[in-house]
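Next up, some structures in structure tokens.
Here come two complexes built around chain A, the first alongside chain B, the second alongside chain C.
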Partner chain A sequence: MNKTVDGNRRIIASQHVKIGQKNRKDQTYTDPNKFFFETEGKAQFLTGSEVIKEAIRLASVGTSVAYPITPQSEAAALIGELFAEGYLDEYFRGESEFAVMGQCAGAAFGGHRVFTTTAGPGTLRAIENFPMWAGARLPIQVCVTCRGINSPLSIQPDTLEMHYLLETGMMVWHAETAQDLFDYILKGFIVAEQPDVHLPIAVCCDGFFVTHTKDTVVLPPTDICLPPYDPYKSPVPAMDMECPPVRMMRDPFVMKSNYISYATHASWQQEVRGAMERSRKHAIALLDGLVDIENGDQEVLFVTSGTAVSQSREAIRLLEKDGIKVGLVKIKTVRPFPTEEIREATKHAKHIFVPEFNMAGWMGREIKAILPDNERVVTAPHVAGGMTMPSEVIVEQVKTTLGIAFEPLAQRG
Partner chain B sequence: MKRLNIRLSGLGGQGAVTAAHILAMAANKAGLHSVSNPFFGAEKRMAPAESYARIGSERIYDRGELVFPDVIMVFHPQVITMQKSYTAPFYSGITEGGLVIINTSGDLLTEDDYKRLNDNNVSVFNVDATHMALNIGKTELSTNMAMIGACAGITKVVDLDALDKALQDRFGKKYVASGGTATLDEAIKKKYAKKEMLLKANMDTINESYRRAVEWAEQENYAVVA
Partner chain C sequence: MSKEKISICEDLADVMPPEYHTLVENATYGNGERGWKDIGSSKELIEQHSLCAGCPEALAFRYVMASIPNPEDTVFVGSTGCTSLVFPHVAIQNIHSLFGNQNAVASGLVRTLRRRFPDKKKDVIVLAGDGATVDIGLDCTMQSFFRQENITTICFDNELYANTGGQESGLMQKGFVAKMAPVGKTFEKVRLPEIAREAGCHYVACLTVSKPNRVEKAIKNAVLVAREVGPTYIQLYTPCILEIGKQSMEGLDEMKDAESIGGRFVMKEYISDEAKKLLDSVEAERKAKKKAAKAAKK
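Moving on to the complex of A and B:
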């Protein structure tokens, strides 16, 4: 466990299938280090949904289970086309999101690499299964294309559902763009399946802003693929009724309130969190750090994740025209949370703005909770219910906080 | 070039989403940076549907609704007459010196509208895109092509060659879209015996609309916003 990876290899992947061999689609199993860092890509102009399909084409996925809910329906349907073309072993439509996640668990217990997609109300309907996946140490990947979850109904992007995922024991990564989404899906499998991690992962993106937006994405050739999941690298026995985790599900001692049950819970839940901690080093190696920092020496910083990062980048351009320099900290993994990285990056900042696409401002709270002098954190602007966050609104927030006069947008047009 | 932000306001089924994709794709083919995205409620015909194309010479991060567009393309009179748009009035947020292109056979704007638009130095081009689509493309489903031609003819944001390449990309190969869009794609493909005929009819519609828009821009002495 925790073997050091030498300088040329950022990550170790199972080689039970020989690297260099071909699969039935004539794709060559390629070492992840080569796949991610030495393969020349080609720029294409695609929507995020198409990008999910292209990622799964190369991901050697065994089973994918689909259920329609906007904005992930297109991606789920496109994976069905991959199945028809012979890229996946199993693909079917579940009865509901709750059923889908249970079916995913079955496929993962059986030793398949498993991928599914969900969104908004679907995520919440499915949620009971997520801590079960984590407790059962199933490295399933769910792609969450965030949308509103509240009544009144919205099909538009809102990141509130991500907050519900934070303590499920799943890794939670947040893609800013379609390019991130492609990279995180593929790298997510490799990190999730490390024997010292072996946890489920939610790769999140903002619905529509990523899934339905056509953008330039650099993709590797389609004649290579990742090595498949190796179930024999699992740190827990597969479906052994006498061993954890399955024994803990069926055995009455956990159902009783006694010290054994408490101790079992405490140790097992700690172990899931320990596994999450151990995922850091793999994620750092594959994602080039859990955060990206641009002009981190500025006194004013934006610290956020997802599309809010993109809108902040535009705000930085607008502010620069007014002579106000602002830096950026892009959070790539929300679980594990880049606590040390954010502390270090914001050490000299006087004002830390956290723009967010949800009503609760949970990312602002996460950041406030880990920083000294957290009165520096401005948990604004927020939009919710699928509203767009124009970069001009972020600019107004910065100017208001800094006490700089401006002509309000409401007077325009 | 300065970034050009285009808002396409139409009704579900008219191809406003496809039009934004084709404009952005054409810009991409021309080596520019571009993104396009749709914005709508649960899909249904005749309900408001908007899409946006952002085109420029540096990388574009901006996502979602275009609140401050340089160009607004109105695909259906009901966007104006029945307020089927996400902003009220439909030109709310338009930038100083902007452009409004309206698909109509008459004039839909009130004196008050013209005053507010003039105050902002905004030009209005009324074009009967549906009529042009029926005449040249032989189907009103080509309305979006006429609208694309009008936008390109006036702003010159993409040229005809790039639009041709984008059309080939969109209709020349298997394309994946939502259920509603796929149905409409099938409908338009059935109108033509061959894919090439569809591509030609679409390009002819764009060409004619482009030509008329260039004429108008010269007449009006319209300076390109971008």
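Moving on to the complex of A and C:
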């Protein structure tokens, strides 16, 4: 299954027959190794929503299903424009996120590459579908532009919804910037569709901070695109009646309160988790590791994901002015979780801070759960949906923990 | 899928199970005239069933499977319930995903199959119980009608949630005492056939499965119209003998009572003008073919 790859081929790319051919938009289907590592890009200044559109332009997507919810509505509508221009085979508005994710499932069962977007309450409305996607081994990609999910109504950035995705069997990647978002969307398809993985993927970003701000993003030329999805490389049959139907079982498992039922269910779930583990090697090759480490030898570290990383970078700059050196571990994939990488990176750290854009502090708990001597982990600061997390607040948290006197922000009037 | 695809390579013939051999040799794939009369003489697409003895749903399943015009290129989408216990035995690809999203899954599926196989006729049929179709899945069901998806929706109406033990459903008749309706259901049976017509279905039929020829005709009409024109809906009364206190041999009588004059399931059918035009032309073509075959024999 895990074939040796020669030095020049960083990932086991799809040997799709269409590589080298042109699609109806005159884009050349390009080997992912070439696409990601040998193509010269050009810098552009775009919002995150526009970046989603530009990624999908190159992604050879078959079907995308849309439904309005802030802050992903713009991206979903922009993909509609791509459909009108002929870049996608199928695009329509579903009636709710529950239905949209079902429609995506149908399209993926039928053999299309499928992309959709959702956010906040939409993610929770959709959630029944996600473990079904994973169990049915559908490599659908959903881009989650995180926002508040609680009452009273909030549309502001908040990453709590990601916590609900952690045990669905989907891969969950977390973009810090618009560039990450672009890269993760395209690379996400390739990893998700590897025959030894074949799982759905949620590419998450922080709503507004990433979707609605402009950033410099390096994009490849628009005359290339990813090779199309090959449904016949799936570990389960495509539901297109192009291969012989099989009688699946003597009796449906659900009818059997016996060992067979248990064993089938357990082994299937283990297989989904095994597929998640097998995704690591592909993600490591494509993302250049599941974490990024900067100054990892420092005694004080920030370990976090998403735009909390960006805020931490600024906090590092502020702390350096005061002579306090802090390192950074940026988590790129939350599922699979980079357990070994974080253990290794934090081996010598005395204080590990986990700033987060949600009140629950789930990332802090994830990190605490895998580290020895986890009293080193400070699961703070947290902010609730709707607030920014000023870098000064992160600085104050560090100084408080280290016992360094400072003038609190709140007293400055 | 052509019939060649299910043929067995010689080297593996001895390890294939006998039911697969009979499927290859004696199934009615590719026979445009297939119908309920093949039951018992040809290999059926349903291999046993795991429903209760005498369950009319099992009967309905066999008629439906015998009647679909294009089984070699048909995909079923099911839902949770008694029907999902039968699908594992069926020699047609079928999807079970969740409870209530069946018409959403079918929408994505049929659109994809049409894009991927523009030169083939791939039929997508939803087959679900009344809870899935009318209660939890009503939104997805109706929205697929509004969007004019090319799907046939078949509802096995047993007027309650059978698989979970006989709870009230929207298609239950008013006044019926059931679990979760301890003083009797307080509102009328939902009139989904009428709703389906108003929501844009081009062919709607509501009947019992007591008469296989009627079921065959309705299924064939529904699938052909869904393929060429737009959404179709069939509601089949398949009483849950267990939950309404009947014996195994009483299912047929129950259906006959329900379809007699004044009953809840007197057969009704609605055909849009567009669908009628199509069905008339199909019928004319069939007759001409028959005539030509007869003439050739002489």
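Keep this in mind: the second predicted complex is superposed on the first by the 397 of 413 C-alpha atoms of A that agree within 3 Å, B and C clash if a C-alpha of one lies under 4 Å from a C-alpha of the other, contacts with A are read in each partner's own complex, and residues count from 1 in each chain.
As a convention for this text, a contact is a pair of C-beta atoms (placed from the backbone, for glycine too) under 8 Å apart; a residue touches a chain by one contact, two chains touch by 3 or more.
None of the values given here were measured: they were computed from a predicted structure.
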Chain A contact check, chain B vs chain C, more residues touched by chain C
Using the touch definition from the top, say if A:15 reaches chain B (first), chain C (second), both or neither.
neither
First, second, both or neither for A:389, with chain B first and chain C second:
first
Looking at A:314, would you say it contacts chain B, chain C, both, or neither? Reply first, second, both or neither.
first
Using the superposition on chain A described above, determine whether A:216 touches chain B (first), chain C (second), both, or neither.
first
First (chain B), second (chain C), both or neither: which does A:99 touch?
second
Is A:132 touching anything from chain B or chain C once the two structures are fitted on A? First, second, both or neither.
second
I'd like to know which partner A:63 touches here: chain B for first, chain C for second, both or neither.
second
Would you pull the chain C residues touching chain A in the complex into a rising list?
1, 5-6, 19, 47, 50, 72-75, 77, 84-85, 87-95, 97-98, 101-102, 104-113, 115-117, 122, 139-140, 143, 147
Across the complex, what residues on chain A touch chain B?
45, 49-50, 53, 70, 73-74, 77-78, 81, 155-157, 206, 208-210, 212-216, 307, 310-311, 313-314, 387-392, 412-413
In the complex formed with chain A, which residues of chain B make contact?
21, 24-25, 28, 33-39, 41-42, 61-65, 67-68, 91-94, 120, 176-178
Considering only the defined contacts, which chain A positions touch chain C in the complex?
62-63, 65, 89-90, 92, 94-96, 98-112, 114, 128-129, 132, 136, 237, 239-245, 247-249, 251-252, 254-255
